[in-house]
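Take a look at the structures below.
In the two complexes that follow, chain A is the common piece, with chain B as its partner first and chain C second.
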Partner chain A sequence: MLEDGRITDRQFMLLIIVSRLILSLTYLPALNSPPENQDVWIAGLLSFPVHLLLAVPAYLLAQRFKDRSIIQSAELILGKTGKIIGALYVWFFLHMTALTLRQLSCYLTSVPYPETPAPVFIIVTALFAALAVGYGVETICRTGEIMTPVVMFSIFVVIILIAKDMDLKALAPMLEKGIAPVLHGALTIAARTVEILFVTMLLPYLNQPGTAKKAMAWGIFFFIFFFTIITVSIITTFDVEQAINRTFPFFSTVRLISIGEFLERIDAVHLGIWILGLFIKISIYYYLTALGAAQLFNLQDYRPIVLPLGTIIVSLSVLQAENMVELREFTSYKVWTWYALFFITFLPLILLVVAVLRRREVQAR
Partner chain B sequence: MFHKTGQILSRLIKQWSPNKPRPAADQNEPLSSSIQVNLNKISSVFANASDLVIRQLQIGTREQTEAFVVYLDGLVEKTIVNDNILEPLTLELRQAQANGGVSRKRVLALIKKQVLSVGQVKEATTVQAVIDAVLSGETVIVIDGSAVALVANTRGWETRGVQEPPTESVVRGPREGFTETLRTNTALLRRKIKNINLKLETMKIGKQTKTDVCIAYLKGIVNDKLVEEVKRRLAEIDTDSILESGYIEQFIEDAPYSFLPTVGNTEKPDIAAAKLLEGRIVILTDGTPFALTVPYLFMEAFQSSEDYYSRPFYSTIVRWIRFTAFFLSVFSPAIYVALTTFHPEMLPPALLISMAAAREGTPFPAIVEALGMGVIYEILREAGIRLPKPIGQAVSIVGALVIGESAVTAGLIGAPMVIVISITAIASFVVPAISDVTAVMRLILTVMAGIFGQYGIMMAVAGILTHMVSLRSLGVPYLSPLAPTNIPDLKDVLIRAPWWAMSTRPRVIGWHRPVRQKFHLKPEPPSDTNRDRT
Partner chain C sequence: MKRQLIAIFIISVLFATSGCWNRRELNTLAIIMAIGIDKAPEDGKIKLTTQVLKPDEIKAPAATGGQGSPKGVWVLTSTGHTIFDAYRNATMQSDRKLYNSQTKVIVISEEMARAGVRPILDFFDRDHELRRLSWLLIAKGEAKDIIEAEHEQEKIPAQAIESLVTASGATSMAVTVNLHEFLKMLANKATDPFASRIEIIAEEETEKKAAKKPKPEESQQNGPRKRMRLTGAAVFKDDKLAGWLNRPETRGLNWILGKVKSGIIIVKSPKDENQYVALEIIRASSKIIPEIRDGQVTITVEVEEEGNLGEQMSDVDLTTPEYFDSLERRQATVIKNEIAAVLRKAQKEWGTDIFGFGDAIHRKFPREWKKLEKKWDTEFSQIEVKVKVISTLKRFGLHTAPAGTKRE
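Moving on, here comes the complex of A and B:
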């Protein structure tokens, strides 16, 4: 077996939360997606059923092939053609790793370290993530188990401290443009939850596979809860127009905190927690890349290919966008939604349909 | 990746080490029935051992039997040898024979059953057994015409008394500590746990030293697999000498390439007893007061025996003081370096100005100051430990005056750095069990902070955290109950719950039988009768 670690349903849930939530603490592309006004938080709330809907094919597929990842089950369903789909997923996880690394370095080079070249951060982070990947899924999940409560707690603290600057009138008028853009927004928010794919990769390592459904639903629920309070706090501290134009909306909100001329500069602590959370996200996608590639090529161990994959990830991360504007263009809802939906829902749906038609199931082993 | 490197390294070491079969001990032959042969053999084996005593006797009256008594001077209780072995052999045996007469054949049984007034008498049939017995302080009686020797337990040597250990002193709680004698230590444990389930299994480790090592555990509470694993690891130790439990620790620990300890130690019987009662295993080693405890989790470093003897509220506060001190001692130099070098804008303006003024004119960058002061502090600490006490004071005066005061006045280092290093030093004494760990973590963090600032600190934290999480101590995750989270177990980690609420043992270790006491033990005032009268 490639990986003999086991993870609990709580770890699985926290991993989904931290991985999905952590980028919302700086980049919040949802603000620039439809409905592009004060109704973003409604879109966030409404995205819960959309999330669940999008997750159904991936979940059913994972349940059908309980001890196989999507890369292995694709091969079982489609034969040799399945390899292509497996390769696509390895590419997707690789791209997610590179993208997240780039988003980390973009933030660091634009605010705290304007003079440091971006590849420095990409390479150093990738090296540390490679260490975590070498330790295996158990270690990554346990690190997440320690860090995620800290992330959630820090969001609560920020919201409490900023509460006096909030102006809830900024949320009015509700549903200014009608319900259709809000629903569109809900779809774009749900399409960013690539973490749905965790179930297809990590279900074989859950110590109680039956709890995956609940863990996923709770993870998505908590994410939406925090997403909503984050967007509400941003929109109510700034105006909508200002909030939309900010590159790092929540970070700007944190900077505003000033209590008694003593409790200031919380953003330093916030930045630290953000880096740690992002580290977990990078590690898990890096891990899925390595694990997926090892499964694709039927390797005995994924560890030897961690560093070679790292070179690809680092180069891709540096090369994929000239600057932040290009990066934001790619991650905007117009491009990202369809790119991600293809992997999150479309491919699992096809695999599931073919599996049902061909009556492929896991033989009792 | 590190596991891989470790495996390769250990494989190479195994290949290099000559794994020759040990030469068959020529002493392994049985004893002869001729006393002269036995005497020659034993005295030739113990040639040049000036502390060996061989007392030759003739016992009995009618049929005089040659016999000799052999022991090592200094390892035996002389009064026992004289009063309970030599005197009965020479006098009482004579009377016994005078009364009834004893044949030569029955003399051995007679001596064993009627003559020797010593608590423990065994029989030895091989030369090797005789040698081992003599070396461990027992007295051996060899009689002509018998291929069996009698071994009387007469162990007794100069020992240090039970004293208060200097490492783990308490205000409230028992003050006795382990000593260098294994038997005393096991007795101290037995006195705490009067239970037949307290098992004490002894084995000898070390080809040259043949040190007694005792595995103590509470049957029924401990996980039997853990005991088997500990026994297996101890049995695999094939080395010359065990002079201190630290030798054993390095042979049995789970993560030899980690700077974190996965085996704990204690010098106090009450702590050892508490660990036993939680389902842990204690390894006592002859010759050292430090007992090993496994499995050892990181969070144990923050627990002190006094927490459990005091009332819970202040104990909980003290526990958080320890967490704070740990974070201060690990992070403060790194944060100082990061702030002054990379992120001055994060400081409030007033503080920034005063800090900049204090650093005005100092020649070195903050990272050099931090590392240099760190090294000087470690030198001072080491000097203070090793030197005789009167000179030790001189060291601290030199350290405080020259480095603290003069270096700042001379403008060599900034005053804030001296403050930071002092906080670090004092804070690291609050959690003494892992002060070496904090030193390593501090170094990593300071260097990373000097290179990358806050980002570097966070990456170092991520690296250290993943490393800690990946460790195991005898299969138990090192950072549990934090990760994997076990919420019931947090009652003794994040807080110190009152005793009536600690109904379960730590589940990670004592899952075998987790219930420690009855639930609902909270003391309550008597229901109603008194209330009416007042």
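Moving on, here comes the complex of A and C:
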């Protein structure tokens, strides 16, 4: 086995939560997706069934090949063509790592460190992440187990502190543009949950594979819960018109906190928590890249390729977008939804259908 | 492998612990407390007046002895084509880089406000140093004068302005609007924004009123000292200043918005029309209820107020049911008049929806609003506004009647 570590269903759930939730603490593209008004939180709630629906092919595929990741099972199902699909997934995880690193550096260079060159943050974080990847999945998941409650708690604290500035009137009128844009919004929110693919990669390392379904559903549920209170807090403090103009909506909300002129400027604490959470997200995608590449090329160990992959990740991270406008454009719902859906649902669905049709063949091997 | 990882770790730690890239020490910063924005004499340029903190003066007040308090701030003026430009141009005079995170007050001159504030405010919301919690005030006259004005109580005039704004709840005759609230109102398509109004009153003038002659040497040395005073609110049409509200009108606005915290209502004594009675506002709230019948929009403003008898100057015991009822009615009339005054100005004179009526309609009748939205500008002046005031008097203090009042 490439990986000896085992993770619990609790760790798996917390990993899904932190990985999906953490970017919402700064970037919140859902506010600029349809319905683009005060109904975003409804779209968030409605995205729960959409999430589950999108996760079905990936989950069934993982269940069918319990000991294999999607990269290995693709090869098993499609042979040589499967290799290409496996390569696509390695690319996707690589891209996710690079993208997240870029988002980290974009935020850091926009707000707290405007004069520091972005590659500094990318390289330093990538080096730390490489270290985490070297220690394996168990270490990353345990870090996540410690950090995720901190992230969740800090969101709660922020919501309590900002509560006096919230004006729930801003949520009215509900469903102003009708239900269709809200459902579209639910789809775009669900399509950002790349964490669905964790099940296809990490199921072999769960110490109780049977609990994966429950852990996933709960992870998505908790994410949606926090997503909803975050969007509600932003919309009710800023109103819709201002909320959709924010570059970093939740961060702007945190900056508004001022209790009795002594409890204010807590954005630095928020920033620290965000970086810790984001570090876990970067590490796990980095890990999946390395693991996936090792499985693709049938290596004995994934560790020797961690640093070489890191050089690709860092360069891709810097090169993928000229500036923040391009980055925003790429992560906007118009582009990202379809790019992500291709990997989250479309490819697993194809693999699943072929696997079912070629059932005997698979068993014969 | 493990040794390699450790090596990577050590190198990474070097990066992470070497401190900040663009570190800024306290003694290299000029901490801005307040800024004023005026039109520069040059064409299309902006004049920025910044009040910069002098930490040394704040730290050691005793050192100067009885010479009178030294100024805790330094006022700096610069010009530029944009706000940011003007900020950076200020560095030509200041040896330190201007630091914006502590800015408490933003003052915009009347002239700039009349030309529109949207272009000015972009920088304050875009730049990461500023927070949206700075107070926004519109100066009647030049903003520079406000920034230069001194205050007897506070060494940092910006802090004095901040306290003026936050303490204005005692009369409710000023508005407390920070950048965040102003931008929210500006972004809302239905609502027009308002901000505090501040002006300079020369001390000479106040002293004249008190029938005292200023000492000749003093006024020659310093000139008339300037004092700032909150005098109501500035009302905008979209982003352009439309006009001013005086203090009672401002309280009228606060009644409608439910923002009255405290204050004194002056009524004539029911017994003796030449004497006054002061009623203290204890709490107040309001509701804006929009209604649409056959395409006709009506707004009902319901104000509930609770007050105490705070002071009376007439020679009678007012704590009888009849007099108390009469006081309650008089109180309601005053509130109604204040509300009517601001409604008249906003609806008939300027057509600015500073009350959020349009917003209330939008929230309650989203379908009808779609039709109404485009013509709201003209429609707003036409709509009927019903004002309901439910005001009560509860208590009368520690004695019933002034000493020596005859019993009836």
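The rule we apply is simple: the second predicted complex is superposed on the first by the 359 of 365 C-alpha atoms of A that agree within 3 Å, B and C clash if a C-alpha of one lies under 4 Å from a C-alpha of the other, contacts with A are read in each partner's own complex, and residues count from 1 in each chain.
Assume contacts are C-beta pairs under 8 Å (C-beta built on N, C-alpha and C of every residue); 3 or more make two chains touch, one makes a residue touch a chain.
This is a predicted model, so every value here is computed, not measured.
Residue contacts after overlaying the shared chain place A:Asn323 against neither chain B nor chain C. By the document's definition of touching, neither partner reaches A:Thr311: not chain B, not chain C.
With both structures placed on the common chain, the touch criterion links A:Asp239 to chain C but leaves chain B unconnected.
Residue contacts after overlaying the shared chain place A:Pro173 against chain C, while chain B stays out of touching range. Residue contacts after overlaying the shared chain place A:Phe279 against chain B, while chain C stays out of touching range. Looking at the shared chain after the overlay, A:Tyr113 reaches both chain B and chain C. Applying the stated contact rule after C-alpha superposition, one finds that A:Gly134 touches each of chain B and chain C. Of the two partner chains placed around the shared chain by superposition, chain B and chain C are both touched by A:Arg303.
Shared-chain residue A:Val124: touches chain B and chain C both. Counting contacts as defined above, chain A residues 112-113, 124, 128, 130-131, 134, 264-265, 303 meet chain B in one complex and chain C in the other.
By the touch criterion given at the top, residues 8, 10-11, 108, 112-113, 121, 124-125, 128, 130-132, 134-136, 138-140, 142-143, 145-147, 264-265, 268, 271-272, 275-276, 279, 283, 303, 306 of chain A touch chain B in their complex. Within the complex, the chain B residues that touch chain A are 1-4, 342-343, 346-348, 452-455, 457-459, 461-463, 465-467, 469-470, 477, 479, 482-485. Residues of chain C that touch chain A in their complex: 1, 5, 8-9, 11-12, 15-16, 20-22, 128, 131-133, 180, 183-184, 187-189, 362-364, 366.
On chain A, the positions that touch chain C within their shared complex are 110-116, 120, 123-124, 127-128, 130-131, 134, 169, 172-173, 176, 238-239, 241-242, 245, 252, 255-256, 258, 264-265, 303-304, 307.
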